[in-house]
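In the two assemblies presented below, subunit A is common to both, partnered first by subunit B and then by subunit C.
== the complex of A and B ==
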């Protein structure tokens, strides 16, 4: 039971990361390897707001959401838009994303340095007990916010006009523009949303662990979560994140924590071979 | 392209491809349009004009360039030379302030907002979205709630079956229903020009007949229609005038009745 609770609390953060990554994958069909760097920058923004301006947790999260969202949009405009407009193969976008990731990490190294930072304590180290297992207040808060944010995104995507346009763009971008939608703007909105989720994930990761330039690497786990759930599927990203969190906690509790990542990446490869559409992936449709 | 040659084309298109006796600019006009796919030269200077409220069809065999023409007019495919005009206003401008480089077209979303709406080949519905969501997408740039509701009712009166399918995913509709939805989706933007690319493709003859009937109704509501078809007989029988497109060039244009009677056309396109 304790494993399940711990696993879900880690899984919630994986889900947040996977949702942002999955959103971008679904609309541009490429793996945005710069997503981890945006999460890292989101954490630094949150850290600055918390330590310099002494903002409370709610405001810190909000500030990081906006900041990381803007960084993500800027990232797309500078590094992907030109490639996308001349219909470059998605491999080019992926390589550009890797470049962005290295660029952003090293910019942080060069300016802020490689120091590890900790967030101020937002929660007393208090634990609540839940079904006979203990859970820190932070984990409970992070889990609730993660699931709530993903649910809100789901409502946005299914109920609003902009959300319908995003899903239409995922289905057929050319036809979406022929409905009168400015697809450059639509893509910016998607990157903002992905960045916003990265901001929340960054702050929670930073609070739970520490803030440092390569903290974004943990996003590899988000890629796995997204593959488990089915690339491009939002409910899939949520489920994938939670499942991965629980499985990893099981492995590190009952086998060895050293084996945890070996297990996760083996699972990634196995899934890509035998279940490439994941649990809830959409069937890949032919695009012209 | 130099200004002189531009002038030349102007004159050309004034003398041909214009319904007799019409004054002022055509509703939709294509002038000297060239389109390339990389090194493949798909359209070699296409000229055509569609008067307000006319139904004009372009017939041609596989690979003649019919779809290329439609995508270029919609702004999806870049144009290498020539122009598309709506009410005499160019949608493709030769690079402003530049003496070199290809002409720059308006992006597709701006062209739709000016009133040209495309029903593409093979429909290209948002298959994962519901019928209702597809219709919402058609009207996504409009803000006049009452107008949207009225247009929705007009679509339902043209195609009553859609009303029963509103909550169904578009990908699960039958071929005929998908084509009805594709036309309705295009109408929901309240276009003044409707472009139809092979609407009868893959439909049973009776279903195709019904669809062509609705095209006549759509025209009665004042919409100008440019129709592209391989199914030449049916297309010519609903249209006022026809053009024959052959390997990227217009080879003949005449009132549809004359084209149907023309023995050469009958042999090449009507299979008799």
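== the complex of A and C ==
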């Protein structure tokens, strides 16, 4: 039971990150490797707001959401927009994304340095007991916010006009622009949303662990989570994140924590082979 | 002089690995984020052999090359058979590299994360010899029927399959050849630096290899090899700017994709340039 609760709390953060991946994948069908760097920058923004300006948790999250969102939009404008207009193969977009990730990560490394920073304590080190297992306040809060945010996004995508436009774009971008949708703006909105989720995930990761330049590495897990759920599917991203969180915690509790990452990657490879569309993904056409 | 020689030798070792990746990414059109793992396998296989059993260097080098080639089958057979999307494949091979690093860090025969101090066996003769041999083999290999099949697959996998090319076998062959070259590079690297550590073979190195291939040009051997030399030698001369080397690689990848996706010598070789001028 304890393992399950811990797993779910880690899984909540994985889901937050996976949503960003899935959103961008669904609209541009490439894997945005720069997402991890955006999460990392979100965490640094949150950290700066918390330590320099002494803002409260709510404001820190809000600031980080806006900051990471803007970075993400900017990233798209600079690194992907030109390729997108030229209809370059997704391989080029991926290489460009990889370049962005390397650039951002190492620029932080070169300017701010490789020091580990900790957030000030927002939560008392108190534990809540839940069905006989203990859970820290932070984990409870992070989990609730994660699920809440994903639910809100789901509502946004299904109920608002912009949301409908996004779904239309996912289906057929050319058709969508013929119907009078400004696709450039649409893509910017999608990148802003993905960045916003990256900001929340970054702050939570920073509070739960620490803030350092390569923290974006955890997004490999998020990528796995997104693949488990099926890239491009929001409920899939949520489910994938939770499943991965629980499975990983099970492996590190009962087998060995060293094997945890090997396990995740093995699972990814196995999954890609037998279930390449994930649990809730749509049929992917491009096969190499 | 010693220092310059060392830099040039290191650059030559890197050129062999980049040559390997150029076969795979440049000619077969698959994107890999894990080729440093094959360099690592070559380095550790040969390193363990010379360290524990005093195997002569020639056999260690051969064993490293073979081990890297064979290990590529472990990841290649399942993923290539499933015909994964190109980005899924890149992630799968990245996962392979990470899994390998964790294994190397926890095995006792590799001395774990502390690294292995091997003896310095690969002199300039070995390195330059291997480089020339690999260049010749690769050039002839790509000029053969296989090279043409690889290019066909890169240009249009569906059409290539329709024309009767066995995608799985050709891609696997390409992966094995490129991994073997990386393995040879690893074996030379280990016995040049005389010290290897699992962290030397991670995503950063894979990215550097990939950056060289992309910057040098898809579908070219000489382009990536020249760039590999520059990428290794230049940072050594600009030691004080070391911190900015990786950001520069990242920026370079983005700029190349936006402004010159064909790279330095895309689809061409160095001799072609001279021929055109005449």
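As a convention for this text, the second predicted complex is superposed on the first by the 284 of 288 C-alpha atoms of A that agree within 3 Å, B and C clash if a C-alpha of one lies under 4 Å from a C-alpha of the other, contacts with A are read in each partner's own complex, and residues count from 1 in each chain.
Here is the rule we use: a contact is a pair of C-beta atoms (placed from the backbone, for glycine too) under 8 Å apart; a residue touches a chain by one contact, two chains touch by 3 or more.
Since the model is a prediction, treat every value here as computed from it, not as a measurement.
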**Asked** Which term applies to subunit B and subunit C once both are placed on subunit A by superposition, clash or fit?
**Response** fit
**Request:** Mind working out whether A:98 is in touch with subunit B, subunit C, both or neither, as first, second, both or neither?
**Result:** second
**Message:** Looking only at subunit A, is it subunit B or subunit C that touches more of its residues?
**Reply:** C
**Message:** For A:177, using the defined touch cut-off, is the partner it touches subunit B, subunit C, both, or neither? Pick first, second, both or neither.
**Reply:** first
**Asked** So, A:244: does it touch subunit B (first), subunit C (second), both, or neither?
**Response** neither
**Fill in**
For the superposed three-chain arrangement, angle subunit B-subunit A-subunit C (C-alpha centres, nearest 10 degrees) equals 90
**Prompt:** Which value in Å is the smallest Cα separation between subunit B and subunit C when the structures are fitted on chain A?
**Reply:** 16
**Message:** Let me check the overlay on chain A: which residues of subunit A are in contact with subunit B and also with subunit C?
**Reply:** none
**Request:** Report the residues of subunit A in contact with subunit B in the complex, numbered from low to high.
**Result:** 161, 164-165, 167-168, 170-172, 174-183, 282, 285
**Request:** Under the touch definition given earlier, write down the residues of subunit A that touch subunit C in their complex.
**Result:** 30-31, 78-79, 82-83, 88, 90-96, 98-107, 109-110, 220, 223, 227, 258-259, 261-262, 264-266, 268-269, 272-273, 276, 284, 286-288
**Prompt:** Where on subunit C is subunit A touching in the complex?
**Reply:** 29-31, 33, 75, 78-79, 81-92, 94-96, 98-99, 102-103, 106, 157, 207, 210-211, 214, 243-244, 246-247, 249-254, 257-258, 261
**Message:** So in the complex, the part of subunit B that touches subunit A is made up of which residues?
**Reply:** 74, 76, 107-109, 112-113, 117-118, 120, 124-129, 133, 136-138, 140-141, 185, 189
